[in-house]
Each structure stands twice: as C-alpha cells, then as structure tokens.
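You will see chain A twice below: alongside chain B first, and alongside chain C after that.
Let's turn to the complex of A and B:
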C-alpha cells in the first residue's frame, strides 16, 4: 500500500485571541514517519486535529495527496487515528471495534471477518476478539485501538500522544510494534508526542514545535547533533550551552572556557555541546589551546558511564559523561579536571 | 460503642416507616369489605378491588393516565435528549441561559403553568384534548430529562464520537454508535421520572381537561363527594404498578450500564 503525501500550507489557527498555530508549514513524503514534538500548548494537537478534520484552520490549507481538505468531513478523509485515551467503544467487543471502520466502508461481511482477524493477529491479540475492552489491560486496549486504526489500510495514520497513558515498559514494546506496523503497511504516519525519547526512537523526521511554529525539523540524528537554537538543544537531550564572543575570521572565543574555537557559522551566538562529546584529558597530555580546566563538583556512577558536573573558573557549570575504559582514573569530586572537545562536535546556535 | 451501632439501624427504620406509613396504611383499608373507609377494617375481602376494576369510569381514567404519561415521557425524553445534545458539552452563556429555560417548568408552580397552558389551549381551541395534555405534561417532565441526561452526557468522552467520525461514520451514525449507548441508562431513568411526573399530575389536568378525566382527576372528584375504599384499592394497585415499573427500569438501566462499563 502507498502512503499519502501531506502538506500543511501556511496554516494558522486561533481561538479568540490565543494563537495555537501560526504560519505552520510542513511537507510529509508518502510513507514517511514524522513526529510533532513539543510541550503542551505548542500547537501539535491542533495541527493533528486540523488534519483529521475535527477543527478548521483559521487560514491556510491542508492537502492530502494534493487535495485541499477544507470542507471535507472527518469521515471522508480516509485517515486512521489512534487516540490518547484509546477511545474504544465500551459496549462493543474487540472484534466489533476493529470491524467498525470496515462496516462504515460497506466491506462485505466475509472480508470484514478476515481483515479483523488479520489486524488482531498483527497486534498479537487474536484470542481476545470476543472480549470487551473493559477486561483488557491498558497496553492491550491501545493495541486494539491501533488495529482499529489500521484495519482499513488508511494511507494516513495519525497518533495523538497515544502511548503517554502507558507505563515505560509497555510504551517501549508498543513503540517497536508501531514501527514494525509502519514498515509493514507503508502508511504515512503523523505522530504527536511530548516525549523526546519516543520521538527520537520512532521517527524518520521530527518537527519541534514551540508557540505554534516549527522551530526545527530534521532527522533524529541531525536534530540531536545539530540543534539550531537554544530551545531545541535544551528540548532534545542534555546540552551544555556556551555563549560565543563575536565570530571573526571563522574563529570565536568561548569566554566561559577561556579558549578559542573555529566556528564556521558567522551568525552563531552560542554553541551547544552534548555531555558525551566532552573528553577528559588525562595524565600529562600537552596542554594545547583547546584544553580548559574546571573542578569536579559532583559525580554519578552508572557503571559503564560516569556523569560529572564540572565548575569552570568563570563559575559556569557543565555536564560531562565519560565512558569508563577501566584503566584510567577519572578525577573525583573536588579535584581539578582538564577537558577538551572536537570543535566539530559543537553545534553553532543561532539566536532564538 | 455497641449501643451506638444499634441506634443507627433504629433511626433508619424510623425514617423508612415515616416515608412509607401513608402508603402502608392504605393496604389494610383496601382489603376491607365494609361500605365506608375505616381503620382497622372490620371485615376483609376484595369488594373494592372488584368495584375499581369493573367501573368503566375508573378504568377509562386509568388508561387515559397511562396513555398520557407514556406519551408525555416519550416526548419529554426525545426532546430533552436532543436539547442536551444541542446545548453541547461546554457551558457557555447561551447554553446556561437555554438550560435555565428548559428547567423553568420544574421551578414555576404547576398552577401557573396550568393557567398558561389553559389560556393558550383555549385560544387555539385545543383544550379538553389528550394530546394537548401530553404536550403540557411533557413540558413539566422535560426539566428532569435535561438535568439527568445532561449530566450523563457531559461525562461521556467526546473523543468516542470523534473516533467514530474518523473511522467513517457521519455525525448521526457517530452519535448513535458512540454516545447513545452510554447515554441509555440515564435516558431510561429520566423517562421513568417523566412518566411519573405526568402520571401524578393533577392541577394542569384539572384546568385543561373537563369531560375526559385522568386518574388523579377521577380520584380527586371522587374524594370531593364521598370517601369510599375504592380509593384505597386504586392506591394499592398503583403502588404495585409503580414498584414493578420502577424496578424493571432499574434492572434495564443496570444492564445497560454494565454493558457500557469501561
């Protein structure tokens, strides 16, 4: 099956004076898995509801395969959706729930039976067909909801915070399951979440939303390695951010560290440095210009990894995560530590 | 402590007796064979039950009341449920104002409603008409439907209806699939309530009807001239009917509720 192309064009949505989405543009390729990631109130659910047809855009247009969606009722959009609270019909059995979208499409009964069976087997709930949702666990209910959303092979699948009601272990299981199903049926997925781990593990691309706008959209690795603003660097993973003095001739001072690094981006005002990209300089390695010093303030031992907070001479604190090699002795709390990093690992940040 | 534990059941029993005494007292009276209303009866028998069931006037009043109450409760439930859906889930100024209007007949004294309905019916030339009475009774039953069904409606998860829509159901089908089943218990309860609001009602009926009597009207007219044990037999019969109706509806309601348990 072929997924649809989705296109948001300059979509704006306001509720009275509150603006939920402003000039929202997004192009999703057929079969792509895109996640809208943002805090509550960032507009991610609003975008999803407009695509589903539950609310109208104040201005702008949403296209599915080039067809404008304004005025098309939800039931005519041929879109599958999984809701946060499952939204299973309590008075219908699992099989009846999954059969519902097929019944609405007037699929012949024998075919309905076959496809319901296949969908339930896909989410490994074959033997639960006759049960009522009330007797299922949260994870099982969400899998029924998933089966129900994909049973009619929709070219677009929407997921609204659909894993956040579940506990961690179930969530991870379902993430795997959703990815597998996505691969199997090839539908275009628009996934909404506020959980960055979920976004990073599942998506082809992640759009970070803030205040009704996309602040950055990229593949998970790019987003993690090259955040473009402080907001994104802070939102995804852990980050050490340092202001830059004026960039000149491709060089910039990092006042807090007392070093100079090459910076390509002339508009950069700061750098973001992931804790695991900072190297501890051990022994009597020659002190070159890129090495800076601090005092270990606190450390947490995780086994293979040690997380340390280091206070620099300027008073700034930064996080360092080091892989332990087993032979080297890392400085402990209260001791001086020498640090360095590859300038290529420092992501230049533009002003927000 | 033991003594106090024993006080509560006694108090409970007294409250129950207080509530049921007027109903219980008519039971022995109804089985009297004497000619006059007396307590305790001197002789027991089914004389007054025979009198009630064989009297065409009493019977036609009874059936009229049942008909009117059934019609009024169905009308009130239908209109009331649609009103609830129309008012929507979110409370706005408009919905608050409209709710106040829907609930008004329960607050305004029935005699005022009666006067209004009477004048209105005379103007339209539809007084002394069973259907007019059905409409009037539906109006005073409506507040209970709007309140009872309304509170149930606001507790139903609106995403159920959205889910139905996105799966291909039109608005009506989505309502019938997602919202109506969990709403059924409340609709049943409200229906039975509206039924008895009409079945009990005397004042509006007295104003509106003349030749065609309802059961409360018949009872009232009967009491005004003579007091005989027919009334007691009628009362007991209707306590029974009410009990059966109430408990069967409650059973239906519970079954529907169980079916919808999430």
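Let's turn to the complex of A and C:
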C-alpha cells in the first residue's frame, strides 16, 4: 500500500481570542512517520483534529495527496486514527470494533471476517475477538484500537497521544509494534505526543511545536545534535546552555567558562552542549585555551556512565556524563575537574 | 462490619416507610378477617373494574411512549449544545417541576376549557365558530400527564447521554460512518438503556396517577388510583387494598417483561454485527 502525501499550508486556528495554531506549515512525504511533539496547549492535537476533519481551520488549507480537505467530512477522508483514550465501542466486541470501518465501507461479509482476523493476528489478539473491550487490559485495548485504525489500510494514520495512558514497559513494547506495523503497511503516520523519548525512537522526523507554531522540524538525530533554539534544546534531552558574548570574526567568548570558541553562526546568542559531549581532561594533559575548570558538586553512578554536576567559577552549574573506560579515575565530589569539548559539538542557538 | 452498620439506618427507613405499609396493604386485601380472595374475585368479575384496569395500562403505556418520543430528541438536542449552555436548558426543563401537579392540572383547565385560551384564540381568528370539547377528554389526560412526566424522562435520558464519550462518535466518523450512521451504531445503543429506564419510570408513575384523570379527564378516563381513592373514602379498605395489590403486581410484571425484552434487544443488536 502507498501512503498519502500530507500538506498543511499556512493553517491557523483560533478559538475566540485564543490562538491554537498560527501559520502552521508541514509537508509529510508518502509513507513518512512524522511526530508532532509539544507540551499540552502547543497546538499538536489541534493540527491532528483539523487533518481528521473534526474541526475546521480558521484559515489556510490541508491537502491529502494534493486534494484540499476543507468541506470534506471525516468519514470521507479515508484516514485511520488511534485516539488518546482508544475510543473503543463498549457495546461491541473486539471483532465488531475492528470490523466497524469495513462495515461502513460496505465490504462483503466474508472479506470483513478475513481481514478482521488478519488485523487481530497482526496485533496478536486473535483469541480475544469475541470479548468486550471492558475486560481487556490497557495494552490490549490499545492494540485493538490500532488494529481497528489500520484494518481498512488507510493511506494516512493519525495517532493522538495513544501511548500516554500505558505504563513504561508496555509503552516500549507498543512503540516497537507500531513501528513494525508502519513498516508492514507503508502508511503515512502523523503521531502526536508530549513524550520526547517516544518521538525520538519512533519518528522519521519530529516537529517541535510551541505556541501553535513549529519551532523546528528535523530527523531525531539532527534535532538532538543541532537544536536551533533554547526551547528545543531544553525540550529534547538534557542540555547545558551558555550565553555567548559578542560573536566576532567567527569567534565568541563563553563568559561562564572563561574560554573562546569558534562559532560559525553569526546570529548565535548561546550554545547548547549535551552532557555526554563534554570531555573530562584527565591527569596532566596539557591545558590549552579550550579547557575550563570547575568543582564536582555531586555525582551519580550508573555503572557504565557517571553523571556529575559541576559548578563553574561563575557559579553556573553544568551536567557532565562520562563513559567510564575502566582505568581512569574521575575526580569525585569536592575535587577540581577540568573539562573540554569539541566546538563542533556545541549547537549554536538563535534567540527564541 | 462497620460498612454493614452504616447501612442500618437506610434499611430501617425502608422497613418502616415501605415494607411495613406494603405488608399492611397485603394483609388488608387478603384477610377479612380470615384469608379470602373475595376482593380479587370482585375485581376480576366486574367488567367495570377490568375496563378501568386496562385503561390504566393503556394510558400509562401511551404516556410513557409519548414521553420517550418527545423527550429523547430534546435530551439529545441539549446534550449536543456547548457544555456551558446545557445547565440553563436543563433548568428550563425542570422549572415546571417546581409547581405542584395540582396547580399545573388546573392550568390545563384554563388552557383547554370551553372558554379557555385555545378555544378563544381559535374563535377570535375565525377558524372555528363553536368551542371544541378538549377538557374532560382522553386527549386532555394524555396532554396533562405527558407535560408532568416529560422532565423525568428528559433528565434520565440526558444523564445517560452525557456519560457517552464524545470521542466514540468521532471515532465512528473517522472510520467512515456518516453522522446518521454514527448515531445509529454508537449513540443510540449506548443511550438506549437510559431511555428505557426513563420510559419505565414514567410508566410506573403513570400507573398510579390520580389527579390528572380526576380533574381534566372524562368519566371513561378513570384510572385505578381514582377507584382506589374512591373505595378508601367509602372505607372499603379490603377492596382498595386488593386493587392496590393488582396495580403493584401488574407494574412489577410489566417491569420484568420490558427489562428482559430490552436486555435481549441490546444483546441481539450486538450479535447482529
């Protein structure tokens, strides 16, 4: 099956004076898995509801395979959806729930039975066909909802925070399952979540939403390695952010560290450094001008990794995560630590 | 243990206020002073009482169904309104209940009477020359009873409808159901139980109705409660009690039958998919 191309063009949505989406633009390739990641109220569910046809954009247009969707009722969009609370019909059995979209499409009875069976086997719930949703566990309900959403092979699949109600272990299991199903059926997926780990592990691309706008959209690695604003750096993973003093001739001072680093981006006002990209300078390694000092305040031992918080001379605290190589002795709490990093690992941040 | 203890006052209340009086009614109807079914044979062999009994059943059934047909759409309409507007609409539904049934029934006399508002308006408009007989008819009884019972059905339907998760309807739509199909496949079956309960409550209350048929019905609109009241005022306690027992038994029987049938219906509805 071929997924659809989805295109949001300058979509805005306001509820009275409150603006839920403003100038929202997004182009999703056929078969792509894109996640809208943001806090509650960032507009991610609004975007999903407009695509599903549950609410109209105030202005702008949404296209599915080039076809404008304004005025097209949800039932005519051929879109599958998994709801946050799963929205299983409590008065229908698991099989009847999964059969529903096929029944609405007037698929012949024999074919419905075959496809419901296949869909339930895909989510490994074959033997639960006759049960009512009420007797299923959360994870099983989620899988029924998933089977129901894909049983009619929709070219677009929407998922609205559908894993957030489940516990961690189950969530990870279902993340794998969703990815597997996405690979199998090749549908275009728009996934909405506030969970960054979920977004990072599942998506081809992640769009970070803030205040109804996409602040950055990138592949997970790019988003993690090259956040463009403080908001993104803070939202995805752990980050140490340092203000830059005047950027001149490709050089910038980092006052908190007391060092100067090369910065390519003339608009950068700060840098973001991931804790694992900071290197501990051990022993008598020669001090060059990229090395700075601090005092270890606290450390947490994770086995292969040690997380330390270090207080710099300026008073700023930063997080460092070091891989333990076995022989090296890392400075402990109260001791002076020397740190350095590759300037290429410092992501330049523009003003928010 | 303490949980059971806390139930005691409630149990005592039901015992004193309900079971004991019902027990006395049974005793009055079946003992005079020795055990006798004389009162029941009197009821069953006199055509007039049987006719009133069937009339009571018929009026109650018609009123209950009319309330369902009028009240369900009203409840549905209110549920579809923005949440902020619902309380006001429900308030409007409940306002008539603040007035005594007696006052409301007298108001119908003012509306339906020969010199009443409807007749006067129609005559003034030149649509009719002579007043239409509306008061003291079966129609008047229906109108009066439906007006009194309607809020009960609307409230019952409304509360079961508000419990329906709105995302279920969205889910039905996105999976290809038109609004009408989403209603039939999801909303209707999920609100059916509340609607049936409401209809039954109206039916049960109607079976014991007294004021409306007495005040705005004709002679042939007499209901069981009117006869019981008449017998009581003539101090025929035994016969009045027997009639009350018949009424209670009939109500319970119909309640059981409808419950069973509706359970089967809902079950069948599910099986059909």
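Heads up, the rule we're going with is that the second predicted complex is superposed on the first by the 352 of 352 C-alpha atoms of A that agree within 3 Å, B and C clash if a C-alpha of one lies under 4 Å from a C-alpha of the other, contacts with A are read in each partner's own complex, and residues count from 1 in each chain.
We take it that a contact is a pair of C-beta atoms (placed from the backbone, for glycine too) under 8 Å apart; a residue touches a chain by one contact, two chains touch by 3 or more.
This one's a predicted model, so the numbers in the text were calculated from it and none came from an experiment.
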Q. After the chain A overlay, clash or fit between chain B and chain C?
A. clash
Q: Please work out whether A:219 is in contact with chain B alone, chain C alone, both, or neither, and reply first, second, both or neither.
A: neither
Q: Tell me which partner A:266 touches in the superposition: chain B (first), chain C (second), both or neither.
A: neither
Q: Give one of first, second, both or neither to describe whether A:101 is in contact with chain B, with chain C, with both, or with none.
A: both
Q) First (chain B), second (chain C), both or neither: which does A:118 touch? A) neither
Q. Who does A:93 touch here: chain B (first), chain C (second), both, or neither?
A. second
Q. Who does A:344 touch here: chain B (first), chain C (second), both, or neither?
A. neither
(Q) Once chain A of both complexes is superposed, is A:313 in touch with chain B (first), chain C (second), both, or neither? (A) neither
Q: Would you tell me the residues on chain A in contact with chain B in one complex that are also in contact with chain C in the other?
A: 52-54, 73-75, 77, 79-81, 83-85, 87, 89-91, 100-101, 104-105, 148, 152, 158
Q. Which positions of chain C touch chain A when the two form their complex?
A. 165, 167-168, 170-178, 181, 185-186, 189-190, 266, 269-270, 273
Q: Sort out for me which residues of chain A touch chain C in the complex.
A: 52-54, 73-75, 77-81, 83-85, 87, 89-93, 96, 99-101, 103-105, 148, 152, 158
Q) For chain A, which residues are in contact with chain B within the complex? A) 52-54, 73-75, 77, 79-81, 83-85, 87-91, 100-101, 104-105, 133-134, 148, 152, 158
Q. What residues of chain B sit close enough to touch chain A in their complex?
A. 157, 159-160, 162-170, 173-174, 177-178, 181-182, 259-262
